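In what comes next, subunit A is part of two complexes: it sits with subunit B in the first one and with subunit C in the second one.
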Partner chain A sequence: MRTVFHYIERDTFVHRLHPMVKLLHILLTLGLIVVPYWPTLRDLAALLVWLGLNAVLGTVARLSLRQFGFLAKILLGTFLFILLTQGFMYRGETPLIILGHLAIGGGVDLVITREGLFFGIILCMRMLTAVSALPLFVSTTPVSSIMAVLTSLRLPPTFSFMFVSALSFTSMIFEMWSTILDAQRLRAFDIESMNVFRRLSRAYVPVLTPLVLMLFRKGNDLQIALEAKGFGAPGPRTQLEVLRFTWRDGLAAAGLVGVFVLCLWIKYA
Partner chain B sequence: MAEVKHEVKRAVGPASVAWITLFGALIGVTALIPIFPYVGGGGYVPLATPFGAMAPMLLGPVGGITSSVVGGLIGMFLAPGAFPLGLVDVGLNTVLPAFLVSLIILNTRYWKVSVPVAVVIGLFGALFPFYIPGAAAGFDRPQEPLYTILASIYWLPSLIILATPLGTRMIPAWLVSGDRRLKYTGIFLAFLTAMWLWWNPWSKIYWYLFRYAPALGVATTIAYLWWIPALALVITIITMPLLEALGRSGLPKVGDALW
Partner chain C sequence: MAEPVVRLRDLTFTYDPDVVALQDLYLDLHPGDILAVFGANGAGKSTLCYLLSGIIPNIYGGTRMGEVRVFGEDPWEHPIHHSARNRAIVLQDPETQLFMPTLEMELAFGPANFGVPREEIRERLGWALKTVGLGGLDRRNPKALSGGQKQRAALASALTILPGLLILDEPTSQLDPLGSTEVLEALKEVVAGRDLTTVITTHKVSEMEGLANQALVLHRGRVALQGTLEEVISQVDRLEEVGVQAPPLRQFFHLVLPGPESNSSDLEGAAGRVRELVDGGRLEVVAPVGTARRAPARPAAPLLQVEEVTYAYPGNPPVTALRDVSLKVAESEFLAILGQNGSGKTTLVKCMVGLLKPRQGRIVFRGEPIARMSVGQIATRIGMVLQNPDYQLFSVSSEAEIRFGLDNLGLDPREAGERTGEALRLLGLEEHRGVFPFRLSFGDRRKLAVAATVAMGPQVLILDEPTTAQDYRGRYLLADIARDLREREGRTIIMISHDMDLVARYAERVVLMLDGRIILDGPPEEVFDQVEVLARTYLKPPDPALLGRMLDDLGVPRGTLTPEQLASIFRPGTGVA
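Then we have the complex of A and B:
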């Protein structure tokens, strides 16, 4: 078990952008995918423009294609499901593939329509657009900057701390998970050789129970460390990293809003 | 000179910030582990969903919901494949299960909240998306009364449980009972009640986005009939040894938690 999306230290334009601009990018992406879509070239073009923007930003940030390949592999089954169900069930008129005829009731033709398949492609693009935006934030923004931007958004400091700390504790959990797996393997308990049903019924409990106990014990140590460092103490807070919003960030934000408006214009004009 | 006292905030609800943070991180990491494929193929339900559901039992309702929010947000970044709708899926995959399980734990005091919540979710499940927005958004009507009867399986039993003494007195009492059989029965029923309700918003938002045809909606509703009890059983199987282990661990107990 390993994470494919984590901060990758590089000195690129995207890495240097203010995290607020990257958050804006995520919000605009969500805004673009929640509006209703129809099987038209305009709708597809609007999504492709935003997807293209994500690809450009990923290239500028020098993110590895392998990471996105991993994501595409996970989503491949979903895409196939969407394409098939929409192909068969969308109210299309132009038959593309006729698979046969079922003698149920008055008889049903098994037909994949062009409109259905096209609509399925649009839905897949919509999902891919959303999913491709998130790694751009997490792979190009260090944890300290995320903390700084959450603070500047005036989120409760306790919540900001929990979010950022939890993000950085994930690697520790991977290590603990791996240690417990090795320990269980030494006892001839090999999860990776089990099928999905055996895993559900037998595998997770012997791994997750010690993991949660170890975490809670670590939690006690962390709580003492927090209190020793004055966490939650009243009074003004200082920040380790002070982020400055430069004219480049303003320009990038304006560019993102511009592309967003362009997508909406393509879709609705 | 008068002594000045400052209150130091070190907990969210009865649970400590450190425990919530670490359990949130665990929920986030478990978003990478698939436990059930979606009926019909495609994506997967991550282990984060059971962990979100069990969080209120381990950390108390407030701590559990908070850790599910933290964990969902982390999971969204670590495993975007399990959260294709981003923030919406954070709410659906981790926060909603924690919220609904919390309502059942607290149902002796908060049935005035949980019963209306179940009614709203039930109406949403029965009407969305084939009747509201319905034809206005291009949805045809499903075959009736088949669809309404099938849809009611996912909310009516939960509503009955929450509104009757079984939910307002017995299950909350069983959850903290010293009798293990009663306790585990209560835990299973709590998860079952919560996950039935959870299925309605969790699935139907996707039906809307993926433009499910009425026939596909009916087929999916039938296909998931076995799935929710199975999911509740899996969560119970994972939760029981955790509660036992925590109870014997000597760790400081969290108020409103079930160990």
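Then we have the complex of A and C:
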């Protein structure tokens, strides 16, 4: 999880792109998945084109799939859930798999329809498209550049700092979580060997108690460290990093918009 | 004389509702003054730092009586970002002070908040990094630095504000000896030749020699001693009374010749002084060579065996933390493991308790490999208390905390109740039976973590860094408990520590690790005699051991590890005035 939200230092075309171009990529990705859609092959094709673009950008940025193993695990579970629920719930006409009949009320057929399954696939693809865009921004852009671009968008420094702190706290939470689990094993409490229900009923409260209390303490220390360095002082704040938009960035932005228009054409033409 | 940088008059500060933290304090600090503040935990050291930095009253509230002036201003009349323009504070825990993704951003954070021009920030950044010895690391993520580097980075980020007053609250308390040395060297470089007023709180009195020119000892918020550093640290008895440990060589001189004499704390000076006293007939060497050595430990059956263990943390490339390590720990042994951070100490004990599983080699407890044991089986044989107790407390009361592990073992309620009562009694926590663990003091939280571990009945008890962030008396608390458990119940103790004094006093065997290997293994007298080998691991034997070596020719035996042992070699001579 940590590597998903961490900058990975490399010298690639994607890393060198102006963060504004990468923000544009995220906005276009969101745009593509929120525009009205129908579960058609055209819609699927448009998503595949954009996913292909993300795969190319990921390859150019030399991001390996292994880095996203944790995220992939979560997504796989979610996708399975979506495919099953949509398969059963979507009011389709073409039965694909008939599992049986439940004599509840007037009777319910347990049928996975082709339309339901396809709708589920489209939903999963949209989710995957959205999720795949985030590491392309976070893993290829130094936080200093992210802060600089957020500031250039005239967002208040507090907002930029909240973003940076969130990244820092994410890794801290994972380290603390792991230490607490170790401490519990030392007291014969093995959360990892428990099933989901036992974890929910018995395991998480003892983990969360020290975690939450220590996070409050760390948050308090962070406040002291920030304010003792003049955070919130009146007057303009100096931006250390100066970002320059080059012709390459312009071309990349135009290319992104071009692929976006292509996807819209595939969807609606 | 110009107005002092810090001026406190009859200052009393009370945290709401009624916790008096400082009382009747008077203090003047002028440009270039370096004040060392000593005191046990809860003496008021941090409160003083917060007052001077403006954290009180801007973040922590309370009631003040008397006068506080820093650069002629009352902190109660200004927001903290105003105070932050001319004073900076470095806190105990380097982790929470470094919040930016690169050192460059970290150091620029303060001046950037005040709108300092970009070019000037870059100049300050380069200067500060160079001053603390981190030049060239400006693009490095602070989280990837070692403990000493992190604290130096925190110091550098304070310097970029160009403060006139620098406040350091126990800057070395969470560092290993190498990290402490790095930070103190950096600090000497920072203050050298500058009119920077500095306030440093610490438990380690000897670190302040050659650095501070003034000293203040606080005891329960009141001034116990105040004056020049020399005046203060020569008061060995008074320091002891208020829970502050005088430097070991001062203790030695105080033991052999009690009185208000000024004696050197540095080794060369101390050796010269002893020779002078012996030559003048004021001291005589009484113990023949070899008497300081302890009797060799009785041979005992191996209880825990580490057999050719290699462990590598996954990564690209993997990081090998243990390389073919073998070790036999006997029944009822008190073993100390020494080494710098990253030497493999913690990895080794984590393998012993099954938290890490070695790819090569095995760990055997009474002939049975622990790899075949369940989590519960291991916990009843080998217990481990972590460095920070707060990760080990999960329950709503002290009693429930101890029951937590016992319930996981599936003990019947009657037996679990008996064991809980016994553990609370053993650790002196009976009156806190119903108290929420996080409301206990740090020392009591540590005791509770030990109680919860001991209640599970392990034959081996492992203590990971029991002295971190502890004052003089707190440092010995867990080691005393462990020694009691060993002597009364025959339990085996394994202690990881950087504290040479603690190891010298308690351990009967010392293992020294470097780069994932054991490089020395033997009684403390023998290990601490290997000065050159220890130096490779940036460790130094206790000062009394080094002084004893320097006085070889006087007939002082090797292996005098504590001030008391060294003092027992001498007696007052006929030349005493």
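Assorted remarks:
One rule holds for everything that comes next: the second predicted complex is superposed on the first by the 201 of 269 C-alpha atoms of A that agree within 3 Å, B and C clash if a C-alpha of one lies under 4 Å from a C-alpha of the other, contacts with A are read in each partner's own complex, and residues count from 1 in each chain.
Keep this in mind: a contact is a pair of C-beta atoms (placed from the backbone, for glycine too) under 8 Å apart; a residue touches a chain by one contact, two chains touch by 3 or more.
Since the structure is predicted, the reported quantities are computational estimates derived from the model, not experimental observations.
Contact with subunit B, but none with subunit C, is seen for A:174 once the two complexes are overlaid on the shared chain. More subunit A residues lie in contact with B than with the other chain of the pair subunit B and subunit C.
Legend: residue contacts after superposition of the two complexes on their common chain; A:134 is shown touching subunit B, with no touch to subunit C.
With both structures placed on the common chain, the touch criterion links A:119 to subunit B but leaves subunit C unconnected. Shared-chain residue A:185: touches subunit C; no touch with subunit B. Look at A:162: by the touch rule set out above, it reaches subunit B but stays clear of subunit C. With both structures placed on the common chain, the touch criterion links A:20 to neither subunit B nor subunit C. Once chain A of one complex is fitted onto chain A of the other, the partner contacts of A:194 are absent, as it touches neither subunit B nor subunit C.
Looking at the shared chain after the overlay, A:81 reaches subunit B, while subunit C stays out of its contact range.
Of the two partner chains placed by the overlay, neither subunit B nor subunit C lies in contact with A:49. Of the residues of subunit A, those at positions 165, 167, 209, 213, 218, 222-223, 226-227, 230-234 touch subunit B in one of the two structures and subunit C in the other.
The residues of subunit C lying in touch with subunit A in their complex are 53-55, 58-59, 80-82, 84-85, 88-89, 91, 93, 96-97, 99-102, 104-105, 108-118, 121-122, 143, 157, 161, 350, 353-355, 375-376, 379-380, 383-384, 386, 390-395, 404-405, 408-409, 438, 452-453, 456. Residue ranges of subunit A in contact with subunit C, taken from their complex: 7, 142-144, 147, 164-165, 167-168, 171, 176, 179-180, 182-190, 193, 206-207, 209-210, 213-214, 218, 221-240, 242. Looking at the complex, you find that subunit B touches subunit A at residues 6-10, 12, 16-26, 28-29, 32-33, 35, 37-38, 40-43, 47, 58, 66, 70-71, 73-74, 76-81, 83-88, 137-138, 140, 209-213, 215-216, 234, 237-238, 241-242, 245-246, 249, 251-252.
Subunit A contributes residues 1, 3, 5, 26, 29-30, 33-34, 36, 71, 74-75, 77-82, 85-86, 89-91, 119, 123, 126-127, 130-131, 133-135, 137-138, 158-159, 161-163, 165-167, 169-170, 172-174, 177, 200-201, 204-205, 208-209, 211-213, 215-220, 222-223, 226-227, 230-234 to its touches with subunit B in the complex.
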